[in-house]
Amino acid sequence: MSEPDPSSTELEDLLAAPPVPTRRPTVPALEERLFRVHPVLDHGFVRVIDYMGDDAAIVQAARVSYGRGTRNTRDDRGLVRYLMRHRHTTPFEMCELKLHVKLPIFVARQWIRHRTANVNEYSARYSILDREFYLPRPEDLAIQSASNRQGRGDTLDAERAAEVLALLRRDAMQVYDTYERLLNDRGDGEPVDDGAPQVARELARMDLTLNYYTQWYWKVDLHNLLHFLSLRMDPHAQLEIRVYGDIIGELVKAWVPMAWEAFEDYRLGAVTLSRAELDLVRQLIAGADADAILPGSGLSLRERRDLRAVLGLPARGGDRGDHR
Amino acid sequence: MSEPDPSSTELEDLLAAPPVPTRRPTVPALEERLFRVHPVLDHGFVRVIDYMGDDAAIVQAARVSYGRGTRNTRDDRGLVRYLMRHRHTTPFEMCELKLHVKLPIFVARQWIRHRTANVNEYSARYSILDREFYLPRPEDLAIQSASNRQGRGDTLDAERAAEVLALLRRDAMQVYDTYERLLNDRGDGEPVDDGAPQVARELARMDLTLNYYTQWYWKVDLHNLLHFLSLRMDPHAQLEIRVYGDIIGELVKAWVPMAWEAFEDYRLGAVTLSRAELDLVRQLIAGADADAILPGSGLSLRERRDLRAVLGLPARGGDRGDHR
Amino acid sequence: MSEPDPSSTELEDLLAAPPVPTRRPTVPALEERLFRVHPVLDHGFVRVIDYMGDDAAIVQAARVSYGRGTRNTRDDRGLVRYLMRHRHTTPFEMCELKLHVKLPIFVARQWIRHRTANVNEYSARYSILDREFYLPRPEDLAIQSASNRQGRGDTLDAERAAEVLALLRRDAMQVYDTYERLLNDRGDGEPVDDGAPQVARELARMDLTLNYYTQWYWKVDLHNLLHFLSLRMDPHAQLEIRVYGDIIGELVKAWVPMAWEAFEDYRLGAVTLSRAELDLVRQLIAGADADAILPGSGLSLRERRDLRAVLGLPARGGDRGDHR
Amino acid sequence: MSEPDPSSTELEDLLAAPPVPTRRPTVPALEERLFRVHPVLDHGFVRVIDYMGDDAAIVQAARVSYGRGTRNTRDDRGLVRYLMRHRHTTPFEMCELKLHVKLPIFVARQWIRHRTANVNEYSARYSILDREFYLPRPEDLAIQSASNRQGRGDTLDAERAAEVLALLRRDAMQVYDTYERLLNDRGDGEPVDDGAPQVARELARMDLTLNYYTQWYWKVDLHNLLHFLSLRMDPHAQLEIRVYGDIIGELVKAWVPMAWEAFEDYRLGAVTLSRAELDLVRQLIAGADADAILPGSGLSLRERRDLRAVLGLPARGGDRGDHR
């Protein structure tokens, strides 16, 4: 078990410690979840380490900006929804969340592309990674999608899935054997085998595969967190990062329920229509026939297909072939 | 005339200098505009000082990301539109623009809130500002909007406009007189009047009004520039920053015409429908009557009014009062 | 009194409210200071609105990065000092502070140049600023420094100081009279004088001078806050921002005393020697005479003077003239 | 050969294309290096794709900030050195460099932690990585350092080095065999083996080891690039990223030689003394004996050892054991 992992002892200590008094905004529903491990994938997790602010803190910051103008005119929920709708993003930046996340390296590589966050990652230059690697569930193994260039298509049958998992497991086990052999470290820097080579940690780690787990503290403000979630909870995101997005989404919902509701209505459940799509929607409302106006609209096949899906119109046989 | 201002001499020098050869991506339409002063407001301007990249550089960066996947499947324009539509923003970050801008301080205060840019501003701690201040055109003077809390309503009549401008001019002239008196500097640090006080520049400047002009070099990547323009070319933006947005928009159009066309179609001319609005649009396309379904939809009055405008439906008398 | 100002009522309410229990890291010394107004300049203030983390949170984040390597080898204080010394900055990013600050606009313009922070500023497009402007204390009025191009030199005598303050006050009062006249607003949007012009807030504000007070919520992580303080507590910083830096420094010291001590030792009290200066120091330690080796060292006059001051060597008459 | 790699054909095309005229700042020494492959490690490289600005652009931006104050007082070189010395960083942000870099994934993971840059990375969700992995040179294989927790100590002897490289090669080859088998793709999406499983690219890639090569476009301003180099050219940086730093440093030197010279003098070759160290240096210059004053100075053993090295004082036997 890796040292920075929250051992059951550490967790019990944290939860056994009596709460202390504070005058800061405090959210009981998140206090309950504090420090607890929310499992993700086969060995990963998400834990809330700390938070700053609540729904009222968003409102408070907005009232600083808008001053007298916001008095008596609407309740807090209305103001939060107004801010979300009109993309007045700075009040949401006034809340902050700090998470401890354990995740496969290939997921970490996507995640880190969100630059507006603070990160402390476990360093394999200083320390030794554990023999913990991600293996998909059989039902998550799928072929390359034909229609979505970056994603997955049909699921593999049981036999082929077993074959794939056996290969992944074999390679992961073998590279860790090599890793241990290269480190040749009893745990105190002394070699296990005096006659064998001993290699610096920063070198040995290069032999590990990308499904090995790493972990980090990740701290982010609510505006940037919601932007992260809007991208990573999207069906086009890779499943292995989406499952983290889903768990974090539940935590955010417990933390700032008003902001979350507005986010669902104005972001997750929203659609953006291009200039040309808006023009078509106006015609459709005025009674035009989709089959008549879409083909000559200048929209690509994929745009036409997507628009039909968004508007709840039946798909048409012709809308295939070009997946963009 | 302020020293860093592009004097006609400096400008002539720059334009008289023979072009030099480069292997970098070069855009003739922007080369023509390089260094030239594009006037904005009464004393402001925008000048392109330098640029990096072109439409092809966006495509080239995208092809690095998507590799073989992007070969032969679409032309450059299609790829740029695909990137804009799906908010694949990093390829647009591969282009960069450097502007010299002269602008009133109150406009600079809004502008600087865009954090992802590089700025070198004229420092009134080191140097002396000129007697140059912004006065609106009479037709731009307007009362506070009743329906838009942050904006303008009806225009003032000619007599009242003249009265306002006289006050603004009087105050601006007086504070500059004070500023000069406090500096008490012949231009070489020696006092104009030996018997009068002499005050440090960093102190004297505090007496200037917010319509005095400052200037800066502002460097930004295309993705963040387009985000800036989407906010600052918006009708809700203050007129005095919008006019800068409009000029910069024309320069961007000359620089990266494909990206600009996609930006107009998928951003400037686009609308976002919330979950509830999308549901209403589906009903309207299916034949429902707007007057019947909007009132009970849960949308605020302002949302209902905005949705009618977006969809080209006639406004309704009842949709007034609450401007949000 | 401006509405978002912490009125004594609001403050009493906040302080009267009973503390609530939390499991988050909590710092009693900062809890005591929470919400309280720390006056700065004549009308400004700094208030702590919220905070996240403490000294232990820095250590905790570092231990995630360095894993087993940091166990049992040093106490927390030693680790914090090690991190500060070696510029391992990410653990300091794990703490966050949210302040409410009231400050003159010309100070706000310097402050906002620190881009890695979250800001919600009072908007003079939505709301009306109060008749509150900054006037220096007589003893803070000084002439332009001859030796420091951006700063102040000798203080003004009492009579001249009074003359300067009278001018600043006169202008500030007059522009506010104009501002009120242009707004022509009883407080509810209705004109005070039906026959007079009424101008939108976003326009009227341009007549205010740069010493008028604005206010904002400002949220920043500890690493970036310390960087801000290292620049703004510096003797070269303008006095009017330095006094804010000093107050914030005291709050940080109460909040994270270990980090503050390390910051004082390794940043505030530290000096950086260039390659050439280091070479001279080595020679001086080996017994060389400063007067013999400095003149031919290639250092500029200002560098030589600065180096003498840093090393506690007597100044030399020749080291004058070129202030850089 | 991977598709986005600069094939000799593409390179010849780029270099054969006639230069075009521009009025932008142009640096002949960098034009010569444009597009050319600078090899790093066994399969990596750095190429300059584009650049904006030159030494004069730094000076020009500084003159905007300081206005008249900078006229006639110093030459460009002196101003650039002044800016570097006093950490006036914004003028350096006015230059921008765009690189194409091919690098092992474990190096990319360190590199990406520098957040203030623009990145387009080759995506293994869309495309297939080549069978290209990093193997250290035998002379770069070393054991974990006893005195530097994150680095390398003594080099391995030839026999043990060969043993290590054989293991690394065996694992890298095997995981690529698995990768190809899982992709099961003839290159057109059709399976090589109809009876075998076929897995999405985003899944198959997790089996690759961290020494596989990836590549990206990386665009950064000069200030942040120099900060990157100051960290990554440091002897404490891992060798495999340091070699990239060295190559990029040579390119920067060709591009902005004045800025580079100042960077070498005021950053790379500079040292920072803590408050306590400065106090000791003053005593040493005044004639104190190092062996007498260091032990009781409060400095840690490592600080004492480092200070001796910096000042060119002989090391002392006692200064061992605690490597921090």
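As written, the chains take the letters A, B, C and D, and residue 1 is the first residue of each chain.
The criterion applied here is as follows: a residue touches a chain if its C-beta (ideal position, glycine included) is under 8 Å from a C-beta of that chain, and two chains touch if they have at least 3 such contacts.
Predicted model only: the values in this text are computed from it and were never measured.
Counting hops only between chains that touch, chain A reaches chain D in a minimum of 1. Here C-D and B-C are compared, and the pair linked by more C-beta contacts is B-C. Separation between the centroids of chain B and chain D, computed from CA atoms only, is 36 Å.
In whole angstrom, the spacing between the mean C-alpha positions of chain C and chain D is 33.
Our note on geometry: chain B versus chain C, Cα centroid distance of 29 Å, whole angstroms. Each of the following residues of chain C touches two or more other chains: 66, 69, 119, 123, 126, 149. For chain A in complex with chain C, the touching residues are 2-4, 14-15, 17, 19-26, 31, 34-35, 50-53, 57, 60-71, 90-91, 93-94, 96, 98, 100, 118-123, 126-128, 215-217, 219, 221. Contacts from chain C toward chain D in the complex involve residues 66, 69, 73-74, 78, 82, 85, 149, 264-266, 268-278, 281-282, 284-286, 300, 303, 310-313, 324. Interface of chain A with chain D (complex): residues 104-106, 109, 112-113, 115-116, 119, 123, 125-126, 134, 136, 141-146, 149-153, 156, 160-161, 163-164, 167-168, 171-172, 174-175, 178, 181-183, 185, 189, 196-203, 205-211, 238.
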